[in-house]
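Both of the next two complexes hold chain A, though its partner changes from chain B to chain C.
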Partner chain A sequence: MAKENKLSNKQIKALVVSTTVGIGILSLPNRLAIANGNDGWIPLILSGLLIIPIIMAMDKIFQMYPDQDFFSIGREVLGKWLFNIFLVIFFIYLLILMSNIVRNLGELVKAFLLVTTPIEVLIISFILVTSYMARDNIQVIGRAAHFIYPLILGFIIFLIVVTLPDIDFTNMLPVFQSDFSNIPKGMDIAFFSYIGYEVLLFAFPYAEKKENTLRSSLKGLGVVILVYTIIYVLTMAQFGVYSLRRQSFPTLSIVREVDLPGYFVENLDGVVMAFWVLAVFTTMAPFYFASGKVLSNLFNTKDHSLFILPIAPIIYIMSLIPRNLVHLNETLGKYTNYLGLVTIVLMPIIIYFVALFKTRRQSK
Partner chain B sequence: MKKIILLILIISLIFTIGCWDMVEINQWLFPYSIGIDINPDEGDPYIITISYPNIYGIGKNATQEDRVYVVSTVATSIFQGANQLSTRLQYPFYLKHLRVIVLGHELSKDGKSIRQIIDGINRDFVINKKVRIVSAEGTARDLLLGTLDAKRQEVIEGALFSMLRNDKKTSRYTPQTLTDFIKDTDIGGVALMPRAAQHGEDLKIFGGCIFKDYEFIGHLGETENRAVALMRGLVKEDLIDVPFEGVNLSYSVTSANVKRELIKKENNLGMKINIVIEGTLREYIHEENPTRREGNLLKRMENAIEKVFKEEIDRTLDMLQKKYKADALQIGEYIYKFHPNIWKEVYKDWDEVFSEMEIDVDVKVYIRGKGLVE
Partner chain C sequence: MQKILLESLEKNIEAIEKLFSNCYDIIIRRIEVGDVNRVKMAVIYIDGLIDKDHISRFTVGHLFCEEELKQFTLKGYRNSLIDIISKEVIANTEIKEEHHMDKIVNAILSGDTVLLIDKVDKCIIIGSRGWPSRGIGEPETETVIRGPRDGFTEVLKVNTTLVRRRIKDTNLKIIVKQVGRRSKTDVAIMYMDDIVDKSLLKELKERLATLDIDSIPDSSVLESLIEDNYLSPFPQIESTERPDAVAASLYEGRVALIVDNSPFALILPATFGTLLQSSEDHYSRWAESSFVRLIRLFAVALTVLSPSLYVAVTAYHPGLLPTILTYYLAASRINVPFPAVVEATLMELTLELLRESGTRISGPIGTTVGIVGGLIIGQAAVEAGIVSPLMIIIVAVTTISSFAIPSYELGVGFRLWRFILIACASVLGLYGIVLGIIVLLTHLVRLNSFGVPYTSPYSGLGISEGELKDTLIKAPTQHLQQRPSFTSPRNKIRMRGYWKDGKRE
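And now, the complex of A and B:
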């Protein structure tokens, strides 16, 4: 492989951050506040920490089989049939996830920015834009992520700056008072806000300096945990737990609360939406790319870009099935979580343990 | 260098999303205050009054005389009202820049309607949630029509809103935003809202209305509102007149710090509130010896001022605890945050507990400056 086809470690870190931070960031504090009240940050951080062993397992897999990509390793370890079943589930998971993303994006952009634009137009144009990027290789996506990563961080800093004058941190109190038996419930919500790290399955084989890849991907995860926690703390300090439970999109609402003297900055929701669409774009593109890759492996073709455009109408139709946002979360959102559990948690771990077993036996 | 320019160009794209719907900005009407009243006659329940600036009446080449228009209609909600009015006006309303919501007095007594209206505003995508709310003494419609006659009003921003900006240098009323109103009600069940009335040619905002579970239960006067603001630590600057040895002493508050502390006794809760006020003397004439420097004199003055504050506070506490049983001081919120275990025991009958509570307020006044002359 030529040098320009490698992913630098910085790019991998950016890829983890920009893929993970996406659709859920607007509503995450609200759902955590409903489940856990003032202590929503506990499941948030705990489930972030749960991801660490999974990422480490992924890294170990690629160390055991250097110079192979995820598909050939999977096939070698699990056997052709079992792995293909996993791939099919993976593909369905990606499809549902993507339709969930585009529908959410469409609904919110329509509600907040483009009131009279039909949602179909928003969805189609978004799918087409991402398909352009998804046709390229993981390196290109990595570069795009690297480019958008500072914008996400900039957004967080912007959020802190504009909200800080108004904020009352005593709203965080009382801590440790909620019912701790609800923490698994909160973790159920929080864990799936970390969906997106599975892009590492495609990124690891192309890493430039393999010995540092694990560290930088964990750093990326750390940034994500930090971003989520900051947003949770800010919204909680701004609204207090009772109001936060009522705000469907607290991250958007918080900038509507901004009321600085001289009010040249006010009604900033347009700016936040713009940042958010960018963040969703870098979430969608790697998933789209991954779904093309999975299909091309199932059908044994060399080039994944063949499959990108044919997938587009499927995403489009699926995204329009739910009747409204509530129904969307009940159907597509739920399926995403169940399938996600199988593909991005179980699959890497199973592959890891089987591979471990096999290599141990070989060395004996 | 090229990279930086490219970066700036691309980032600037984010800020160029301005055009929606292909409608020119002068084809929208931007209301800055909306008044809501109960409709006394048959038909829909509310009278919605909307006031908006006439953009053709503002600026150098104004072509029309009236600077602000006020229209009203009978409707079931704000949105319904705005919608109905758009059939009578040339352009539709756009509520994003809504600044003030005025609730009529009759409406305030109807907790269910208030809750419904507040829920509607809070649910809306467009309205800024920092919108200020005031309660009119009469009907909201009269108040808004009164703004037309108010002589010294700023045209574009609206008289009501400029009076309700947070940085006002008085504590005779406390501006209230929609979100804070809801937040205050959430825990203690009580929130305040300033009163507004017409006062000769001018508008006047003063005192406060006590809302318990979104229902109007009583008035606070100007001094009582100041006492509440003092105990909540909201006073930034204020002026107070104190009788002192036969003369009038004018004292201006420059800062006030509040420390609250919960005292738990066997079967009763107590609260200790320490208020430290710093300020300067504005005006005093000491007849006998006008230039005498005397530490004792300042001390006596401080005591006199303390006494006035104390009286105000005691009267207000008595009113809140005994008459209204309404925790406008947000002691409930304090207990909820800092003593959650105690709160779990008392929150069910918090109103009773509050009215039985021993609240001990300690005021300390310091005169830090006394102006330029001796």
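And now, the complex of A and C:
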């Protein structure tokens, strides 16, 4: 029964897309507009392109050590101690990232759907629901991702169709007018909206056709870049830069503007928010799974599902520390970025170069 | 207990009589054959299980009349008497020799006739099964407008024949195994030898071999015993009453199990996609079938979601609706003393009750149930102000759409989830529904049916092979040249050409 242990390339593509596209997309255009004005799409695309070499490095690592998973490769290449330090950082990164996600989600659901429900209930119920999926292995998450993937694409297409009538592309102009010294600042925001591709570290070893995996994961990245850019362009064209700077969730606001004949649902933003919970779920589940996996490797146990439920209260408590959304972005958001730089950017590259060095020396 | 047959006829009969003591349906008929040398024999069978006419005419009758037996002398006695009888005397077609006691008893119990001969330590088992059974009728649960109308019966052999008639190929293998310590139910495993995935077959045989149970009263019991996750509300094995559906699935490289005494054959592996197919899809025009398949998916969404959406919108998000609709909703609920959850649960439960009583009772009382139920649901409940008219519409839509799901068991699973989602909606509104959907999705995605992901091809496996052509929609037959890939068939091509191929050259 070999089939259940494989991930098809379509699933890997879907996994990249649905893990990356999550809560961030709702506020991304706003943050980019604040940093770069009309030219926010430049850092968006540039930082997307920056991810490509990292994914390629990951793929190369798994080609150098075929039939091994990420953990055994890391231990072999970096040595037990160094790799374990990386894993601890990775684990903390995942914890902070997840608390960031659930807090953001809780705040949004509270704002758009359930005004009177305490945020604690919203957060804990989401964590528990996700834990059911996280207890299973990456193949199952891949299947779920494939279910959600058309939903994300459908949402984008829907958005394009409904906004086209009253969109004004002149709002995009002027291009290339903003201060280019601000580009790195925008990159700082844009780059971390691509967090999620690290799920490939867990997905690569189970790929069905290994020779096409890199291509499909890059395709997934391409879809993500496209989705982000479209959303950015749409919101910018709809609102214009000054208005966009004042909308903290422009992607939801744009839906609110929609009014087509034949609608029997008025406030679409609530419905979209509800659907978006699914997208956030497919972002959260792989991270949750990964954190359990990392912990089980640190403690040298085979089954990662043991660790899933004990992690839940940690996420819950951490997510409740920030006072409000602004504070959340200043604390958890910042830490996520710093730790992310170490774990999902530096770690694969370091492993790649050390492995390259080691294999070269062996062949000599 | 005596393990094998002895040479003494009396001792053998005694042993069998002891086993069958107090069984009023056992018949032991002693006869003596031969003029020159009289040989004692005994014919043993169970009354009612065999075709009596057949046995008395072609077995007993021939024994009495055959010239050679009358002339038979002691010369060459030991070796050839049984040979002569089986080769030259008995005119029945199914015959075998046996000397193990348990196999003989088994044969008697299954409706074969046993012929014991004095001074021979073997007996002859004559195939004579013939018991009263229902004729081949139209399947009641899966009717079609266009397509064959024969359905399975309770007799294994009839059922396998119905399938065999559709597959005239030596690659159709039928292996019969007995399951159940006491019931010794025959289970036929049917598959196409050159198409089926061998690992699937191996897995199935392993699962069947581990079974140790008293009896298998129906194929549904076997289904729950061999499926992957028996706790799930969703069936992971398909069941059908239609021989054409079984034949079609065999051609797809799947395996069918036919259980004796059950008119429902099991087909495995089953996926969400196959459970939403009906055999009629393949008989009607492709556009209609495609449309119907999309409608079915819509029906699944409706049956799971509509009451919970009603609860969520009325209780938590009236602002989602346009103002006029909100007013209408509020006006229609103004007399209803219950919160939306109670209203929805009440009505859904009433409908389930109505359905249950309607299924168990047929005839005149059934009609009464229908009338009373229809009146209560349709008119009285609204007039009494217990439920709002909108709720009635929602309940009706839910029920109708749950019947649009071809697989009854799948529909039942979704019906149960409907109540879970109502509960979710009553606690957390739309957010709760989405959380419920996530749990449902996770559960479905985790399920496997004999190694095949339950949600394939929607969940990714097989999509590159164009599987959606025959699940999401139903493409014209000309475009379905390959067998579906989720069964990993060894022979992949199903169609090689049609008339346009020739014209093109």
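As a convention for this text, the second predicted complex is superposed on the first by the 356 of 364 C-alpha atoms of A that agree within 3 Å, B and C clash if a C-alpha of one lies under 4 Å from a C-alpha of the other, contacts with A are read in each partner's own complex, and residues count from 1 in each chain.
The rule is short, and it goes like this: a residue touches a chain if its C-beta (ideal position, glycine included) is under 8 Å from a C-beta of that chain, and two chains touch if they have at least 3 such contacts.
What you see is a predicted model, and the numbers here were worked out from it, not measured in a lab.
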Touching partner for A:F239 - first (chain B), second (chain C), both, neither: first
Of chain B and chain C, the chain that contacts the larger number of chain A residues: C
Which of chain B and chain C A:L320 touches, first, second, both or neither: neither
Touched partner set for A:M64, first chain B, second chain C, both or neither: neither
Touching partner for A:D136 - first (chain B), second (chain C), both, neither: second
Contacts of A:L173 with chain B and chain C, given as first, second, both or neither: first
Partner chain(s) touched by A:V342 [first = chain B, second = chain C, both, neither]: neither
Which of chain B and chain C A:A274 touches, first, second, both or neither: both
Touched partner set for A:L114, first chain B, second chain C, both or neither: both
Overlap of the chain B and chain C footprints on chain A, listed as residue numbers: 113-114, 266-267, 270-271, 274-275, 278
Residues of chain B touching chain A in the complex: 11, 14-15, 17-18, 20-21, 96-97, 122, 125, 128-130, 166-167, 177, 179, 182-183, 186-187, 336-338, 340
In the complex, chain C residues that touch chain A: 199, 203, 316-317, 319-323, 325, 428-435, 437-439, 441-443, 445-446, 448, 450-453, 455, 458-464, 488
Residue numbers on chain A that touch chain C, as the complex places them: 1-4, 6-11, 14, 109, 113-114, 117, 121-122, 125-126, 129-130, 132-133, 136, 140, 142-144, 146-147, 263-267, 270-271, 274-275, 277-278, 281
Contacting residues of chain A [partner chain B, same complex]: 111-116, 151, 170-171, 173-174, 177, 239-240, 242-243, 246, 253, 256-259, 261, 266-267, 270-271, 274-275, 278
